[in-house]
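First the structure, then my questions, so here it is.
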Amino acid sequence: MTEKIALTPKTHTAPPAKFSHGVKKGNILQVAGQVGFLPATEGRPPTPAGPTLRAQTLQTLANVKAILEEGGATWDDVMMIRVYLTDVDHFAEMNAIYNEYFEEHLTAAPAARTTVYVGLPAGLLIEIDALAVLDA
Amino acid sequence: MTEKIALTPKTHTAPPAKFSHGVKKGNILQVAGQVGFLPATEGRPPTPAGPTLRAQTLQTLANVKAILEEGGATWDDVMMIRVYLTDVDHFAEMNAIYNEYFEEHLTAAPAARTTVYVGLPAGLLIEIDALAVLDA
Amino acid sequence: MTEKIALTPKTHTAPPAKFSHGVKKGNILQVAGQVGFLPATEGRPPTPAGPTLRAQTLQTLANVKAILEEGGATWDDVMMIRVYLTDVDHFAEMNAIYNEYFEEHLTAAPAARTTVYVGLPAGLLIEIDALAVLDA
């Protein structure tokens, strides 16, 4: 029996539906799609960082990181990062922010990545999810 | 040697290409993108439930569930659910249906989830795929 | 300790950001989103095969295959293939190419698959990523 554990950082706003921000079972850790919401504040609805792509991207990465850490993982354990942008014209800027961020936060081989352009709720420019495999 | 097994519920219409509705290898089970097709009927082309988002969503979830069960899994084993909608305005209604469904079908921690808005073939409002990790 | 290894086929152009074309850790192998870029040539920017969907799809599948092989895997180990198209009208043609390709390249049960329609950078008609589970 291997238990599936929900990962819920204190900084995170409540999910808008019956899903977990992250789950861990055995050595597999899955992070749900994160957006650039600022740390939760009592009585304030979820509020994205911004309005720049840079602010939202860094907050989104911080939100993914918090879930990884809640599960005892780091960016070094991440195998796959899915980046959802709303605008093809944001690709180069996102990559620059992404590179700068991981220059600082990564010691192992970089994760694989897929970036596609989709619709997101109004005000959101980026969404990121991640799959990690922890050391066995 | 760990065998990869195709999961093909009897209720399912034939995939439109050389892919499996689900596969299982070791303790990993992957469900292919499911849509709201009604159970297959001899001589009838694949027909979505509907026309409401509610009918399609519940049928899609039932189709995912059938594949999980074909592989000896349940919703409790699911780590990640990817929801593809075609319309941002469907988010709140989908969440309400999703919550109601999992209130009934889940005893473990809810799976992580990513929801994005994409194009789907005409007549389809939702597509869902899922990754499960079974008990080792 | 299980090491995460970056998979970088010689034929591949450098990723446009700090990510790996593929990574392997234990028996999990993740291939990053591949597009139909021709094999890298010194001094030439990444250039897609084409202009047909057929040429891009076959090049994309070849690019995924090179990463699988770099990690000691084959298509038979692949559990999930995500296909991103830009145009719903390409579905039938992509399926025909996909079937023909896997008729030749697959002996095990076909992988699960999800196909959705998204935006991609100009000139790209298809992107594919893949998750493989190797024999334990």
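As written, the chain order gives the labels A, B and C, with residue 1 at the start of each chain.
One rule holds for everything that comes next: a residue touches a chain if its C-beta (ideal position, glycine included) is under 8 Å from a C-beta of that chain, and two chains touch if they have at least 3 such contacts.
Heads up on the chains, UniProt names are A, B, C = Reactive intermediate/imine deaminase.
These figures come from a predicted structure and were not determined experimentally.
In terms of which chains touch, the assembly is arranged so that all chains touch all other chains.
In a homomeric contact, the two copies may use the same or different surfaces; for chain A and chain B, under half of the interface residue numbers are shared, pointing to different surfaces.
In this assembly, the C-alpha centroid of chain A lies 23 Å from the C-alpha centroid of chain B. For chain B, residues that reach two or more other chains under the stated contact definition are 118, 131. Note for the complex: chain B touches chain A at residues 27, 76-77, 79-81, 88, 91, 95, 98-99, 102-103, 106, 108-118, 131, 133, 135-136.
Across the complex, chain C meets chain A through its residues 1-2, 4-6, 15-23, 25-26, 28, 30-33, 82, 84, 118-122, 127, 129, 131.
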